[in-house]
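Read through the structure below, which is laid out as structure tokens, and then see the notes.
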Amino acid sequence: MDRYKQGFEKLSEIDGDAGHKVIAALQDVCPDLAKYVIEFPFGDIYSRPGLDLRSREIATVAALCAMGNAIPQLKVHIHGALNVGVTETEVKEVIMQMAVYAGFPAALNGMMAAKEVFLERSKK
Amino acid sequence: MDRYKQGFEKLSEIDGDAGHKVIAALQDVCPDLAKYVIEFPFGDIYSRPGLDLRSREIATVAALCAMGNAIPQLKVHIHGALNVGVTETEVKEVIMQMAVYAGFPAALNGMMAAKEVFLERSKK
Amino acid sequence: MDRYKQGFEKLSEIDGDAGHKVIAALQDVCPDLAKYVIEFPFGDIYSRPGLDLRSREIATVAALCAMGNAIPQLKVHIHGALNVGVTETEVKEVIMQMAVYAGFPAALNGMMAAKEVFLERSKK
Amino acid sequence: MDRYKQGFEKLSEIDGDAGHKVIAALQDVCPDLAKYVIEFPFGDIYSRPGLDLRSREIATVAALCAMGNAIPQLKVHIHGALNVGVTETEVKEVIMQMAVYAGFPAALNGMMAAKEVFLERSKK
Amino acid sequence: MDRYKQGFEKLSEIDGDAGHKVIAALQDVCPDLAKYVIEFPFGDIYSRPGLDLRSREIATVAALCAMGNAIPQLKVHIHGALNVGVTETEVKEVIMQMAVYAGFPAALNGMMAAKEVFLERSKK
Amino acid sequence: MDRYKQGFEKLSEIDGDAGHKVIAALQDVCPDLAKYVIEFPFGDIYSRPGLDLRSREIATVAALCAMGNAIPQLKVHIHGALNVGVTETEVKEVIMQMAVYAGFPAALNGMMAAKEVFLERSKK
């Protein structure tokens, strides 16, 4: 299967609607970046064996929360984590743990992002 | 059990010798910081139920690799991850995935840190 | 006095209403993180002798401004600095100085945050 | 020519209205920071020979996109880049390239900033 | 031409020996990351039309200097910039300009990296 | 008094030998950056009234420790803080406090830098 097709399926499996919206927002300004988002992160990396999707999403939520300058992407991947079987409790534990490594502001801003995602999903 | 005692046991379980060396290096310059390292991250956070230690170490390796300015701590937690059952392959997958979120330099520097840790452990 | 009680008093003394709002916003999503915010930063760190509160708030405003990804927390601690006796002029000097260490964008965004806090306080 | 005068002319040449708005927003809260913005970045640095303005703006767009915590300044300098002859295609290439060095979230957030700037300019 | 082959040629053209050493250092620990470094940054991004190589290297030197946590990669790309026609003076101008956006420490550490690269090349 | 002369005196007063070494290391590769280091940070900012030097150095140590990618500059300013009357205990309190805002790795790496500076000074 080619990288684009495999990537699009993986993106849909993990991030669902939240992922499709990111791709749509890029289409008019830079469709090639949309293509790369699908091909490299999802077609190459998330499609690899060697680490289960649940662990991959835990790693991504941790990293984006710690970096602190990627709140929109953190929200997409909190959706992603929940979509592949991470529980809300586990998401909160990962974010709380980031207080240790990236400081309390990173954890607080990450928790507020999680709160929004949980609320959004509870409405559906 | 008090936070310090519980924290010290958790630190020993996870980080082993690499963790003890961090504590020892702090003792002469600032023993209170050593105490806090044991009490808050290990006594409070890593001792919580709600997320297994394996997932906690995956989260920490991801965050420290993505942040890119904490190589000594990344090495300690690559040891920690391996100590609690994460495989070398899984550590490499987590680090490789950080190329997506924090860029290739973060992944490359993280992989070089992993290479050193793997080599050190293979000598024992 | 226990860490929680001491921390809550310190939080109230320093950050006042702005601090209470942070705690309230966490209560429904993750009350344990609210507890840790009170216990470690305020119960352990800000309660230590060895550095006066005025200097502690100068350090925090400097750090949050330099990090650049924690604007909500920067605003809380500009309130905090003013509450413990740092003057508006001194807050502005700290933020301006961050242009040297973290670049002009960090200083500009920090100054806009200060402008909002000053305005909010002048209305009361 | 003195640094302030030379800096103001350079700021006007590069950033135009977007630059003047930054200066205006600082005037009531901290006019000295406005003065330094004009004198050091524009009076000293951008006025130097040795690197053409086009290359300087490419460097600035790259850096601000990679840092990820300076979106307002990134927008000002996307205007700046376009004002000194960088094309929209080139701006997009620089931002896309940042996916390699600072990760996809930095590139995505940078591209959304570029989209807003392009739209704003197309309306005039 | 396939992505790997095109990427390897581009890597060789831009980074030369310094790039080959990075690939070699990855081969025993994680050859797949070496493959991705060749395919995505060099096969996809640097091979794109729309921005000349000289501008691409100026953007990369700026970003890596501003990020401040990727000194080994900064050195590789100072070599790269010089290899594709950026002058030593221009490299220094880009780095000096980063004092404005990322602060003086980033510019100072970047300049020390440049000093080492210039010295190394002058010996050959 | 002109900015350069005033800056050099301020640099000498605050950072002493450690500051002079920074300037010397820049002279052969980029004397203009050395000039700017003296003129803007020291001639303009540290020479301002409105905040005492002790508070300025507390702010700088906090920021550089929190940023985590400027260890050489952190060491220079730990010297600077001690030179203008901040005590070793106060330096340690500032660094320990950064665990709250930038995470434990930043505080640990900052404390190791302080340990080296204290040792170096105790030998004289």
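Observations
Order as written gives the chain letters A, B, C, D, E and F; numbering starts at 1 within each chain.
Definition applied: a contact is a pair of C-beta atoms (placed from the backbone, for glycine too) under 8 Å apart; a residue touches a chain by one contact, two chains touch by 3 or more.
Computed from a predicted model, the values in this text were never measured in an experiment.
Chains touching both chain A and chain D: B, C, E, F. Minimum number of contact steps separating chain A from chain F: 1. Residue numbering at the chain C/chain F interface overlaps substantially, since over half of the positions present are found in both copies.
As a whole-number value, the distance joining the C-alpha centres of chain C and chain D reads 30 Å.
With centres defined as mean CA coordinates, chain E is found 39 Å away from chain C.
For chain D, residues that reach two or more other chains under the stated contact definition are 32, 36, 40-41, 48, 64, 66-70, 73, 92, 96, 98-106. Of all the residues in chain E, the ones that touch chain D in their complex are 40-41, 45-46, 48, 50-51, 55-56, 58-67, 70, 73, 89-90, 92-94, 96-102. Only residues 67-69, 92, 95-96, 99, 103-109, 111-112, 114-115, 118 of chain E touch chain F when the two sit together in their complex.
Across the complex, chain E meets chain B through its residues 22, 25-26, 28-30, 32-33, 36-37, 40-41, 64, 67-70, 72-73. Of all residues in chain B, only 66, 98-106 touch chain D in the complex they form. Contact residues of chain C toward chain B in the complex are 32, 36, 40, 44, 48.
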